[in-house]
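Just so it is clear, A, B, C and D label the chains in written order, and each chain counts residues from 1 on its own.
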Amino acid sequence: MLSFACDYSEGCHEKILQRLIETNLEQLPGYGEDHYCERAKEKIREACACPQAEVFLLAGGTQTNAVVISSMLKSYEGVVAAATGHVNAHEAGAIEHSGHKVLALPEHNGKIQAEELERYLRDFWQDENREHMVFPGMIYISHPTEYGTLYTKGELEHLSRICRAYHIPLYMDGARLGYGLMSAQTDVTLADVADICDVFYIGGTKVGALLGEAVVFTKKNMPPHFLTMAKQQGALLAKGRVLGIQFDTLFTDGLYFEISRHAIQMAQLLKEGFAQRGYRFLLESPTNQQFIVLENSEIQRLRRVVDFSFWEKVDENHAAVRFATSWATTPEDIQKLMELLDNR
Amino acid sequence: MLSFACDYSEGCHEKILQRLIETNLEQLPGYGEDHYCERAKEKIREACACPQAEVFLLAGGTQTNAVVISSMLKSYEGVVAAATGHVNAHEAGAIEHSGHKVLALPEHNGKIQAEELERYLRDFWQDENREHMVFPGMIYISHPTEYGTLYTKGELEHLSRICRAYHIPLYMDGARLGYGLMSAQTDVTLADVADICDVFYIGGTKVGALLGEAVVFTKKNMPPHFLTMAKQQGALLAKGRVLGIQFDTLFTDGLYFEISRHAIQMAQLLKEGFAQRGYRFLLESPTNQQFIVLENSEIQRLRRVVDFSFWEKVDENHAAVRFATSWATTPEDIQKLMELLDNR
Amino acid sequence: MLSFACDYSEGCHEKILQRLIETNLEQLPGYGEDHYCERAKEKIREACACPQAEVFLLAGGTQTNAVVISSMLKSYEGVVAAATGHVNAHEAGAIEHSGHKVLALPEHNGKIQAEELERYLRDFWQDENREHMVFPGMIYISHPTEYGTLYTKGELEHLSRICRAYHIPLYMDGARLGYGLMSAQTDVTLADVADICDVFYIGGTKVGALLGEAVVFTKKNMPPHFLTMAKQQGALLAKGRVLGIQFDTLFTDGLYFEISRHAIQMAQLLKEGFAQRGYRFLLESPTNQQFIVLENSEIQRLRRVVDFSFWEKVDENHAAVRFATSWATTPEDIQKLMELLDNR
Amino acid sequence: MLSFACDYSEGCHEKILQRLIETNLEQLPGYGEDHYCERAKEKIREACACPQAEVFLLAGGTQTNAVVISSMLKSYEGVVAAATGHVNAHEAGAIEHSGHKVLALPEHNGKIQAEELERYLRDFWQDENREHMVFPGMIYISHPTEYGTLYTKGELEHLSRICRAYHIPLYMDGARLGYGLMSAQTDVTLADVADICDVFYIGGTKVGALLGEAVVFTKKNMPPHFLTMAKQQGALLAKGRVLGIQFDTLFTDGLYFEISRHAIQMAQLLKEGFAQRGYRFLLESPTNQQFIVLENSEIQRLRRVVDFSFWEKVDENHAAVRFATSWATTPEDIQKLMELLDNR
């Protein structure tokens, strides 16, 4: 069955598979000390235009958020995030499991507002009782957000200025970073991200890899013994090569950007297709996730022939659903989807 | 350079790679709900002769130990293990990070002794102050141990009887389980393991997989919401297929056993080769890890031409080193090693 | 200086002091195994009309919340509370430190609404992705709330019905329980609390004791080895007598209720005094905490002669402040306060 | 019945009780911000001859160990202690609950040996695999130890030199510190302790207080926001005055030392009494805990008339028991005990 359920339905990009085949019997040191990991890191530093960046490869998004956040916070600190942020809503309490509170701010199409953040921080530091409260120790944003939306460069810079004023790091969850960077509506480059954020990760699992996320510390701020803390959280793969080879491939000849751009083009086709057919969107998403408001009865009908994700109830008769494209989506898939819509 | 440094130096068995290639573009549900995971679990149940077994696939050994142990213990309980047990010595405190103490017993070539375990448990339960102490809530053994040694079936049954008498589960870390089961000197089968242990895992990372460990709960005792607890610890892969396809392949036509047997045969050649040349062994290991006592000067010389692991200092002039074979070791590798020894 | 800053400004009730003196040199077993602890527990069971109640004495409120909540939740569960609940807002992240998320619901004068709770639970259990989220494992309410407000018996019963329907316990934080029970506007008795809640605590620190809170498990549901878990969290006093003697005294001849009623009478005088002078209240509080809205300039003036707590900003020119009475407040204190208001 | 079971059988010293009475109705700020706490801290600084010392008052020993250790360690670090150290053996896993491993060294009458410590640290830092292990981040010693023994000044200095060489703090658990300082066989003063250790605590609970331990950071090394971390662990009393008044009293006119010396004198009488009657000691203890080896049958007989603690089995027919004196022991108590021994 045709599926737009998510952007991790397939295995990996064929070039990655090819490299896994070619390198398979090489004997390499474990735990990320192999030369593929080194090369991947070097290429990521270049792609970020950030020669000083420290890169660490991990396996999945929730794992990455937990390891990064818990290793950077003091025990009396929490992480500030949008209420809809992945760390607050969909990680089974991984951050709290590591001992830290997620301090939720209101969300605006998945984003936090700089003004609200600033007010929150100012109020906290003026509160006479703050020693009895959780200190805000980091700002978490996802980009694209869980709603497919993007921060503008100006918004990111604003958040960053606030973070610096309060001496706390700005952390970007880039599970779908490629799809954000290749959006037609963004003014943010990977170099901007590296410049503006203190730490972020480049998502691999949803952008062409079998698994893998590349954490980038941009300000010589990787916590000492980060590897040990990753190990302690069960996040250190013995065969680190699996991650190294994949990211090495993704950052060779711009593959990561190329396949991300492709997904965006497919999303654009999908979006136009729905729009032309008069469908209503939950919100304007410039990336690979598109949120359509459908009648419940239509959801039932469509589900029989195409797979997509239920998102949220809108009213008694309508709900929003998500169609996601990815590096693996083909123009034929979009074509078939449109035919299904027309023949429903 | 020739390497016997560990059993995770290569990628994965070619049949696994082949299956990853064949299935790569199939669209599958995430988080282990795909049919490859289902099939892998079914085949593991069969291989274990344990139709009731509940199987869960995770990514790595330390992660598996932490998730299994912390999800089965009450907060006032710790896990009993040999002092040299992986959970006590080489996991960067992952168990303690999850809030639980490792209660270390003396080790005997890497194993715990049933009598000492029984005495420890009896003393604990007779101690008037036990409410101020950590309760023993689980027994952890590795098989093969970190020293390559194996429990006999009788020893495992003895440990199991003690565990049942004290109503605590027996957990086997099978990071190298295949190499244990295929040893010429064992009387323990996989069905025995499933019968005797309450929970164990079948190691993939060190036995032919890119990554992956299969946890088996044998007594309808998988903790409720185990998936959520795995997620909470960052241990749930979005593309669970990566694990499912690998274990499906490993348990098709006995591949897991076949490649384990091969490694054991290579270890036997290696062992005989060292023995014939008059080398001394740290201990008698019937599995794929062989521990040789070498003069420090010889270690220096050999290291220039072959890779192996430093294990432990024996005296001022000698140290034990480890040579490990694996599914990927070839007779030619052994041959070359012997030549290096002869030409040193 | 006259102080209405809080209800823990003084030491303890003189009868408690007297008992501490009388019993001082008795040699008693430690860790709560003395006969004063036993007597205190027996008297609390009687006062609760709950012969099956299991009582445990702890030292402070945040400690009690952390020990009770973390010992009753599974690791994949969080506790549902009003956004303004003490566990969410003013305990420095103690719950998260124990690994659990506080699942915040909207607050209505400090209370949660049964309908909103029910909708939240229903939505959670209907969510297809709930295995990736934190499970609601307990409902936390404070009574009186942080705003001095009270649940009606009907409201508590409604919450309890919902909890039972979803098989999760209802926990009441009774840091100021006495002041709630003795309010003129309540229809809730201590026996009602014991009947309706699964677990609650009777606050001592704010109601006449030097320190101490009495946790009451009402349904034979005290977690096994609760003492060990308390010890593990540093919450077990060697000289448990200090808590036993105090609660024994508080629950002898109704002292706890008598001194709570006194505080309520003082609060009533204070409230009427402010009202007669035309002051505006932030909300209607029927207990010992009264929240007055003052002009910022008046706050400055008053602070020079009387101590009270800043609560929250209302607008640019006004803020709410809190005046708290307690078991130790005298009619003369109220009289002096009124004179200060008149002569300001 | 006569009791030598422990040193926390009575309430508190009468002078403390007197001060609690005198100050009872003073209105004071909460959470340790009152002037009694300030005065207590100032007097402790003076007694330690350490003007720069930062002092924090907590409620109990296990709590203090957990808060101090967890707030000073990085998440990848553990605390090194003797196998018999209180943190390793008798705190229900409080340190592990906070996420950290206790790294146990062999004990010698309750003490760790500087040479063994040095070898352990050297081996750790030379281990190529140390990034996969728990880093030693602090040294914990108890003084007196759980066996009543004491470190010499030379031994403490040796430990301290090792700690400084490895840049880790030396922490002394002084639950019974007074009894150690007033021993006739010690050459260690409180000023020495403050000079040599990086952090230690002065036990109150076992030395005349109802409850309370005074943590002393001697090197301007109190972790930032220590109060918040204490709160987060449920260790911050609302009525901090209870601790402040007690330590203010204990450190007025040398009361702490005076009552400790008294306990030592009583222990000396007890020790001589046992020795004169030909009893065998488990080890030579120069402090208030004396360990006598008795026949099992005599233990049964004596237990009927005097209370003491079972310590450990010595052989089939003998066990060691503990007799503890304290600030509250009288010469008459010792006299009665001797009569019981003579008339048994």
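Note that in this section a residue touches a chain if its C-beta (ideal position, glycine included) is under 8 Å from a C-beta of that chain, and two chains touch if they have at least 3 such contacts.
Keep in mind it's a predicted model, so treat the numbers as computed, not measured.
Chain centres computed from CA atoms place C at the largest separation from chain B. Across A-C and B-C, the chain pair carrying more C-beta contacts is A-C. Chain A and chain C have Cα centroids separated by 42 Å. The mean-CA centres of chain A and chain B are about 34 angstrom from one another, to the nearest whole unit. Rounded to a whole number, the gap between the C-alpha centres of chain B and chain C is 50 angstrom.
Residues of chain D found to touch two or more other chains are 75-76, 91-93, 97, 99, 131-133, 228-229, 231-232. For chain B in complex with chain C, the touching residues are 31, 70-71, 74-76, 99, 131-133, 135, 224-225, 227-229, 231-232. The residues of chain B lying in touch with chain A in their complex are 3, 5-6, 8-12, 14, 17, 20-21, 23-30, 59-67, 91-94, 97, 205-206, 210-211, 228-229, 231-239, 241-242, 307, 328. Put simply, chain A touches chain C in their complex at residues 75-76, 78, 89-93, 96-97, 99-102, 104, 128-129, 131-134, 310.
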